[in-house]
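The next block holds one structure in the form of structure tokens; read it before the comments.
Letters A, B, C and D mark the chains as written, and numbering starts fresh at 1 in each.
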Amino acid sequence: MINVTIWNEFKHERNSKNVRKVYPEGIHKAIGSFLDSDDINITYATLDMESCGLTDEVINNTDVLFWWGHMAHNEVPDEIVTKVHDAVLKGMGLIVLHSGHESKIFKSMLGTACNLRWRDNDRERVWCVNPGHPIAAGIPESFELPQEEMYGEPFGIPNPDDIIFMGWFAGGEVFRSGCTFTRGCGRIFYFQPGHEEYPIYYNENVQKILKNAVKWAAPTRKLDSLACVHAAEKPEK
Amino acid sequence: MINVTIWNEFKHERNSKNVRKVYPEGIHKAIGSFLDSDDINITYATLDMESCGLTDEVINNTDVLFWWGHMAHNEVPDEIVTKVHDAVLKGMGLIVLHSGHESKIFKSMLGTACNLRWRDNDRERVWCVNPGHPIAAGIPESFELPQEEMYGEPFGIPNPDDIIFMGWFAGGEVFRSGCTFTRGCGRIFYFQPGHEEYPIYYNENVQKILKNAVKWAAPTRKLDSLACVHAAEKPEK
Amino acid sequence: MINVTIWNEFKHERNSKNVRKVYPEGIHKAIGSFLDSDDINITYATLDMESCGLTDEVINNTDVLFWWGHMAHNEVPDEIVTKVHDAVLKGMGLIVLHSGHESKIFKSMLGTACNLRWRDNDRERVWCVNPGHPIAAGIPESFELPQEEMYGEPFGIPNPDDIIFMGWFAGGEVFRSGCTFTRGCGRIFYFQPGHEEYPIYYNENVQKILKNAVKWAAPTRKLDSLACVHAAEKPEK
Amino acid sequence: MINVTIWNEFKHERNSKNVRKVYPEGIHKAIGSFLDSDDINITYATLDMESCGLTDEVINNTDVLFWWGHMAHNEVPDEIVTKVHDAVLKGMGLIVLHSGHESKIFKSMLGTACNLRWRDNDRERVWCVNPGHPIAAGIPESFELPQEEMYGEPFGIPNPDDIIFMGWFAGGEVFRSGCTFTRGCGRIFYFQPGHEEYPIYYNENVQKILKNAVKWAAPTRKLDSLACVHAAEKPEK
């Protein structure tokens, strides 16, 4: 059983009729509905909940955390970010979606600005450049997203462990659209597609990718502590 | 002083009037003419020369080796490839151009098939995705090559140390167009632009990139041996 | 079900009474006996068998291949090495043990000399430096091997994807004792402990590591071809 | 000309007679005295100076920043850390020494806890595991530090770009003692030796390593901005 928590800012869906049409119950519920299966246990968390829905109990019981945010990154308290950060280092998987590239949690995990070029309303062809990676299982060589926000290079991230997907945009840009990082015992997957105005999370390839990512990001070990250890006793006597 | 050897298969230029029009003295001479400077010493080597122009003396005196080949990869004797391979591991820099992705030397350095998708006569926009890398010094955020052969992902290479350039093709593909590898003490740069029918090596950004690459790939140390060492004496007595 | 083939040179066990005492049925059988479980199907292959036991049928049906060799690396025909190499690029996992660092298959996968320092009869403490990696599941922070051949740095390998174990030797050296590589769709794990004269493969941590490695290296996809693809049709019409 | 700023907490030297004996003018001055050369311009900065000696002017004019801190990490204001952090992303080189592994700046650049095992008063043998790296130029295969604080694995850092040095400790531990990271346009080198009570910075190999590191870390480009760019105009019309 993998305990998945899906965090969503959940603002666009309430502020915009267009977004609500695409995701009437919120992006988090759309993601939860295709992830749902016998071996996955889903919790939803949104910005408006107490502690953003990320109480110590929720964090401690989460194996993999999804993060969708955009307009309200700064409303997430630093204290929550620190708790999530530590949980990732101790082993919790983290899947950061689309505009989450500018979230506090993503930037603090990577230590970079995570800046990029962007333009609304483009068309993307997602290329699978690492077909042997577990997150790419069952994904074709390429697939199209008829409408997607353009995110273009240079993308201000450290070199990823693996680049799995690269995006081609009709407007003329390219992007490292799917890539992985390891920080402490935590596995992190960033996936660029997922603009709130387009039905990206109904695309079957996107769904397959995120299902694969959950399995890949689930921890094999959780650390108790991140503190330095005074090894007063030498192993060699 | 950096000793640069430019190896060119030098077949297309003799077989095709079109290619000869673009590179009347051969691709190697075109590259040599823009590299030429007070602190670079250039040697030319071609397939038709004795030992492919890569005698022990030439190899031993080379700091950075360029490699352009395409239709005659298999005519390069394995014995020469082995010598070049060992020289790279000992510290010689290697710059592999365009269709050199399928050369024996590139495939043996990387251990992979280096396969890709291709299609002639496309248009490429080269994006600089790693502006801080020494090979990217002075290169704009992107530049266009009005005509270039399309090379598309998936590209069968191990994860590079750094990806410096990514290519966008009008036909719909993307590519890791400039990337680096380290093997032993040798620094390797692969650069995708450079089709024989188009004046790629007259492009000022391409020229700047290759000049930067020479400096970057020049060895800081050359090893004497690649053999295992029997450390009969323990450092700890 | 994971199909595992365990290849062993199987010479030391027949030539040396001391080795035979430790591994009376051969190193391959010792490994097979602790790997054996309901979801793993084991095939044994040795140098003296026809095609080294690695017929096309065996290779095609192998998900993960173990490789133990030492004194007879050169007796493995190049043709077999090429077949194994291609199978790894297409997705087969490869686990290279101890003196296999100088095998043809390991050197051709990595493209480097894989040279190192060595000295017989030392004592090793294996440190787990990447506790979150699936191969490290259940492994303590460190464990000792009272007798092991010393393998010391510098180790002539490309930068690994991940370093999971580092070895400390009483004689004064260090080593990257457990590390992973990806080549094509194939996942490769190199593990240094395993000298033929010592009962390394009876150590419970070593056994756990190799069991973990089998699961980690099992392919999620196998490619049909490693050839370049002529993408005559543009995705963009 | 490379502008180097050497930041030192400068507390131990004032609080402890023992440390003062080793570094009478402070660790920063000891480092500055061997770095000093015609093509390097040195500025000193310490915790007790206004803005920790890191005014906007100093930061803007720094190509490479050294960082030595230990007991007073928390006295460096977050605002200064943020400025230094941004400067690194824009291209400034950063060399973090010894106990600086727990500095705010190092942890925020890497996004991890940078935790480790430690024990005072051990003996270290530093192995050069990457002899071709520019930072290793002129450094022997190994060298000894008769007294050094033990820093042992697991070290809570992301996978480095390159591991150049690995430490063997007489007490039984190993460590990735010299490693590099790239964040944005900034090159980062972490070097473990440098405990305040021992004359580490008088060791000629340590001095050579740090001189090499300055050249390696000097920027080839400095960015103006770390902001996202609204690319309102498509490159493709």
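List of remarks:
Rule of thumb we're sticking to: a residue touches a chain if its C-beta (ideal position, glycine included) is under 8 Å from a C-beta of that chain, and two chains touch if they have at least 3 such contacts.
None of the values given here were measured: they were computed from a predicted structure.
Common neighbours of chain B and chain C under the contact definition above: A, D. Among the other chains, the CA centroid farthest from that of chain A is the one of B. Looking at A-C and A-D, the interface holding more C-beta pairs in contact is that of A-D. Between the CA-based centres of chain A and chain D the separation comes to 32 Å, rounded to the whole angstrom. Work out the mean CA point of chain A and of chain B, and you get 37 Å between them. Counting partner chains per residue, chain A has residues 125, 131, 152, 159, 161-162, 170, 172-173, 182, 184, 235-236 touching two or more of them.
Those residues of chain D that touch chain C in the complex are listed here as 125, 127-131, 141, 152-155, 159, 162-163, 166-169, 172-174, 176. Contact residues of chain A toward chain D in the complex are 85-86, 89, 102, 108-113, 115-119, 122, 150, 152, 156, 158-159, 161, 170-173, 181-184, 226-232, 234-236. Residues 91, 125, 131-134, 136-137, 142, 161-162, 170, 182, 184-187, 219-221, 223, 235-236 of chain B are the ones that touch chain D when the two sit in their complex.
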